[in-house]
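Read from first to last, the chains carry the letters A, B, C and D; within each, the first residue is number 1.
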Amino acid sequence: MAGNIKKLVLGFILLGAIGIAPRFLGIISLNMAVELAIGALFAVSLNLLLSYTGLLSFGHALFFGMGAYVMGISITYMDGITLIPAILMGSLAAGLTALIFTPLLVRVTGTAFSMLTMAFGQLMYVLCIKMRGITGGEDGLTLFDMPLLSVPGVFSLDMTDPATLYYTVMGVVLISIGCMWYFTKTPLGGVQAGIRDNAQRVEYLGFHVSASKAVIFIISGTFAGLAGCLAAIFQQVISVDGFLRINVSFMPIMAIMIGGLGHFLGPVIGTIFLMFLNQMAMRYTDKVELVFGIVFIMVVMYAPYGIHGLWVKARIYWGIFRHRKGALGKEERT
Amino acid sequence: MKVLNVKGYLFVLTLLMMGLIFCNNCIAFQPLAGDIETFNPSFQYFDEDADDVIKIGLLWPFSGPAAANGAIYWLQIGWAVHDINTQGGVMVDGKQKKIVLIKGDTQMEPAAAKRAAEKLCLQDNVDIIMGSTGSHIAAIGQNVAAKYKKIFVNMASYSDTLMDQDKFNKYTFRTCSTTSMLANGLAHFYANRPEKDFYILCQDYAYGHEFAENFVQALAQVRPDARIVGKDFHPLFVKDFAPYLSKIQGANAQVIITADYTPDSNNLTKQWDQLGMTIPLAGPFVLNPLALQSIGEPYGKGFVTVQSCLLDLDKPGNKEFALAWNTQWKRWKDPLYSTNLFQWTGSTLAQATIGTYWLMHVIEKAGELNPDKIVATWEGDQTIIFGNLYSMRACDHQAMFNMHVSEIEWPNDYYEKSAGPIKVTAIPAEKIVPPPPKGLKNCQ
Amino acid sequence: MNPATAMYIIQALHGLAYGMLLFLVASGLTLIFGMVGILNMAHASLFMLSAYLCYQVLAFTNSFWMSLFLAPLITACLGLLLERFFLRKVQAHGLGHIAELLLTMGISMVIAESVKSIWGTESLVISIPPSLDGLASFAGIHYPIYRLFIIGLSFCILALLVTVLYKTKLGKIIRATASDPGMVSILGINTPKVFAGVFALGAWMAGVAGVAAAPMLTVFPGLADQVGMDAFVVVVVGGLGSLLGAFVVSLTLGELNSFGVQFIPKLAPVLVFGFMAIVLSLKPNGFFGEGDH
Amino acid sequence: MILEAQNLHVYYGLSHVLQGVDLSLEEGETLCLMGRNGMGKSTTLKALAGVIKPKHGKVTLKGRDITGKQPHQIARAGMGYVPEERRVFPNLTVIDNLTMGAKPPAGDGKNQVLWDVERVFRHFPRLAERCNNKGANLSGGEQQMLAIARALMGNPDVLLVDEPSEGLAPIMVLEVRDILAEINKSGVSVLLVDHNLEMAMSLAHKVCLMGKGRTGYFDTAEALQKHPEILAKYLEV
């Protein structure tokens, strides 16, 4: 109970900090926070799949890009559309793509699943380049005339203003992550961990493994699509390199690994760490890839459960240390 | 009239000289007049904290897979900046100001590019941004720059649509050519040549298609009897060009028109040689010293290259620059810059240098760093650098200059051991520059 | 000869040359996967490194044959070290494929960046050795000798590999280890040593491919990604761990590529990934894949 | 004493599976380990073969301490192990399955007749018939024979056999029993785990009964047959 209150207080402090941040941060830091939040949402959506069903997707950029492209295309070709329907269309399109692929995907596991997702991701990448007429090819779509995020007569927000963008993205990301967290606590969400550990047992419990996998795959895809929409709004350019390349799929995997596999908020920590690392590396050297490579190797070798794992370990050691100290203290007293 | 006439050049040159005599303050620097011997591309030092400097942000990939590209522009712009700095700098606000270059690493990724551009604008507080390879990156760069009212000088992105009515903003200038200028230049070159069967082999993306379309259109106008015997678009970074080349051989083409750049162009040249082909390649990037060196004698003799600033060693200004560059190159030890690729300047390797000199001339003419003043000064500005005339079209901010086409010669007296362009044909700007986009309001 | 027939023959040869080169890279990758269950993302980097080493050895000794001997040897040693000091330790964590994936990706980044620092970012000049330069002519067809050499070399290595795997006791041990390493260990065989050996063998083959490719392709820091993706597709479509699958799919991709260019150039880039997506949709473990790893 | 285990403790994660197993096998004997399901019989064999590491305890083979050694080291020291699942290599032919693990006996092997393919085929005529078939194409009984034969090719001094009769037709059980008897007669000590009481009793010189991760009753087979109530206590559900 005390732990819960502590967490609640911590949450409120964090929320407050996010709320007042624009007063203290410059545009650069604000934009970095936006980028971070989008990256975190994308990584959490992938983590939903990875940590809770043990399915590693190598082609999650497919959904990220699908969301962005559908949103971008609807803005470019549909006159007078506002942002909210465009975003909805983007996310739903990503979810729909996931739905279309589910019959193929749910029947495979392990490496085959990773390979199949990668194949579709790459296929989408190539197709987007080929369909130059709609997607703009390598140059992509530019959204320099961003429509307003508005409900007519209620409110209207300008997404080119950094602070407004910041609040909007933060709000959407927090709500989305909250939704996903809530999902993991529902009975169906609980089953996902079961699928990862022992698919057969889940079948015995009366849940259909394939259907459960399909549901989580679609949810994960939809939120990845939403992250893509936000990224497109932020960057104002939707290009294959920025949204569909294989690196885009790898980044959230890295974030999950670094943050800590199997922990819901691990990817958020991982995204923050990667962002920070990128900034530091850029400041001091041109060899950003070298720094990243070495960090990945170190993480896998010495902290296989990422930052969260290190934290747990540290707590255990701290516990042992305190226990010993306490014992010592008692001895002294007696 | 194929070559711009010499009298015209002399006239403008005289005017310029007279201007120098009468107005000492107007132009404080001259290209190549500085202490270029102390220039070292690997260790360019800029005193960023000094007061009264002109800060220029470079928006290029300096890390990641495309880092080589950033290095090329870092060298070119650094050259001009070093030259100007050692002459005391640029006369602005009544003071001689030195130039400081600040890297903004795009990593060739849109997200990183946006971050880098914003950092340049807001944190480093640069006065001007130069960029950028990759038209999607350049689009982001010019958009961010316009948002914070910074001049953006596009020196490396050729896409015609980058300055169309949707993307144009008044703070962006393009000093390099567009894809259609390159293609038109090449087509005009073939107007009076015997070859008439062409095969087009381009990269399968916007740039390649744009080039091919423009070439075909221009060729149809200047050479109605020419035939396009085949057209292929290959994906970026092809491993093996052999299937394409064998197909071309079967099509009985006389020239292969290709807009490919490295590494595709290198690979193409290499495998062209391995298959024992004799049909010459023609395009903007076929003059790559590394690729030509690797195929051995006769080093791609007969290839045709088209470039905005192909240096003509018969021309005084050009020759000076080329020789100064070559002398310097012999001293560069860093593997980044010591390869044959950098042995001679010209073609892609001179474009940004010239653009930098031009920009500095404009700043000096404007006399202040206020972006609106610079915009007003640059629009319609004309200048001569290394003997070539450059003018800025006011309505869409596209640089206008002659396009240069040449056959590659070997052996030759000028380029030590390597192949090079000898008799350069200048295609006059008015023939090749596309009409300005109609939607822009100044263009009507 | 009839030009059409000549075209078919030449395009088939082009496909064979590239397909066999691809097979050299992919077979090492699939061998390692079949044995150790690791999808080695650094494999293509070893291939690239070997191409660069070929350049360096050429610069020192001016002998292509020397570099064909030395460069693969160095990459094999490097592979051995990677297995011994990195992968084996990570496998002991028991985190499964994702950890190995991240590790090998990290290694590939380090290799790529080291290559850039040592040899620069521009493409290197590696000419075809004089003894293999020029065209061979038969029945009115002219074909580059070097490409024929690549085809021959690849077949030699394929023959060597098949002999070792199917005719020697070592081969039996390797194949048995691929299916059940625990049981092999129970029979008194030091499986970690077998793993290391196979890893080194795979790296060696990547090395040979690197040297063979160096004069034919462009040696630049993106070479790993360029060929790596194709090799990856081959391994996945052919069935992870299946040598036969790698062979069949390499040749299929090679021929698909050259005849695709000849007849349906517009679809050529989509072809590879479309092929992969379709095959995997129908057979998730690839053409010749055996169960799930 | 050719094989001896003292106070073995094994954990699977947090569950304490073996809680003190003591065993001893005399040279040339067959010892049968019996008990109900889940009492740790297979685990004991695995711990002896080195497939899992005991947390406490000591195992000696021919007087040498082999505790905590790698499986291949233990095999080289003279231990043969036929796992419950047989684990025949499916992609190798019968003959390849046999030859890949063949090795000379540990030590000097002075009073042993060497096992080679010929001798194995004499004992297992069924395998000789199918010598070029893939492991995956064998029937259950043939796989069991192959697994035993494969272990013999390593010329072990001690053979651990886990549930050889499981899932076999009665006629095959008899065949397997005869083979095990022959093997034992040829000088190999056998440690057998099996549910088939009849077969176990006909083979075993000694019997060890296990309950809840511990060894309990340990005596000769004849002695046990006089006390059916003990057998009932350990074996009946």
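Following the convention adopted for this analysis, a residue touches a chain if its C-beta (ideal position, glycine included) is under 8 Å from a C-beta of that chain, and two chains touch if they have at least 3 such contacts.
All values derive from a computational prediction rather than experimental measurement.
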Set of chains whose contacts include both chain D and chain B:
C
Can you identify the chain nearest the overall CA centroid, using each chain's own CA centroid?
C
Of A-B and A-C, the pair joined by more C-beta contact pairs is A-C
Please compute the C-alpha centroid of chain B, do the same for chain C, then give the distance between them in whole Å.
38
Return the distance between the CA-based centres of chain A and chain C, expressed in whole Å.
34
Roughly how far is chain C from chain D, going centre to centre by Cα mean, in whole Å?
43
Listed in rising order, chain D residues that touch 2 or more other chains are none
Using the touch definition from the top, which residues of chain C touch two or more other chains?
116, 269
Counting only residues that touch at least two other chains, what does the list for chain B look like?
67, 204, 235
With touch defined as at the top, which chains are paired up in contact here?
A-B, A-C, B-C, C-D
Taking the complex as given, what residues does chain B use to touch chain C?
65, 67-68, 71, 204, 232-235, 237, 239-240, 242-244, 246-247, 250, 262-263, 266-267, 270-271, 274-276, 290-291, 293-296, 334-336, 338-341
Sites on chain D touched by chain C in the complex:
49, 51, 70-72, 75-76, 81, 83, 87, 89-92, 96-97, 99-101, 103, 150-151, 154
Using the touch definition up top, name the residues of chain C that touch chain A in the complex.
39, 86, 89-90, 93, 95, 97-103, 105-110, 112-114, 116-117, 229, 236, 240, 269-270, 273-274, 276-277, 280-281, 284-285, 289, 292-293
Partner chain B, residues of chain C touching it in the complex
3, 7, 10-11, 14-15, 17-18, 116, 118-128, 134-135, 142, 144, 146-147, 216-218, 220-222, 225-227, 230, 257-262, 265-266, 268-269
Note which residues of chain C are touching chain D in the complex, please.
169, 172-173, 175-176, 178-180, 182-191, 290
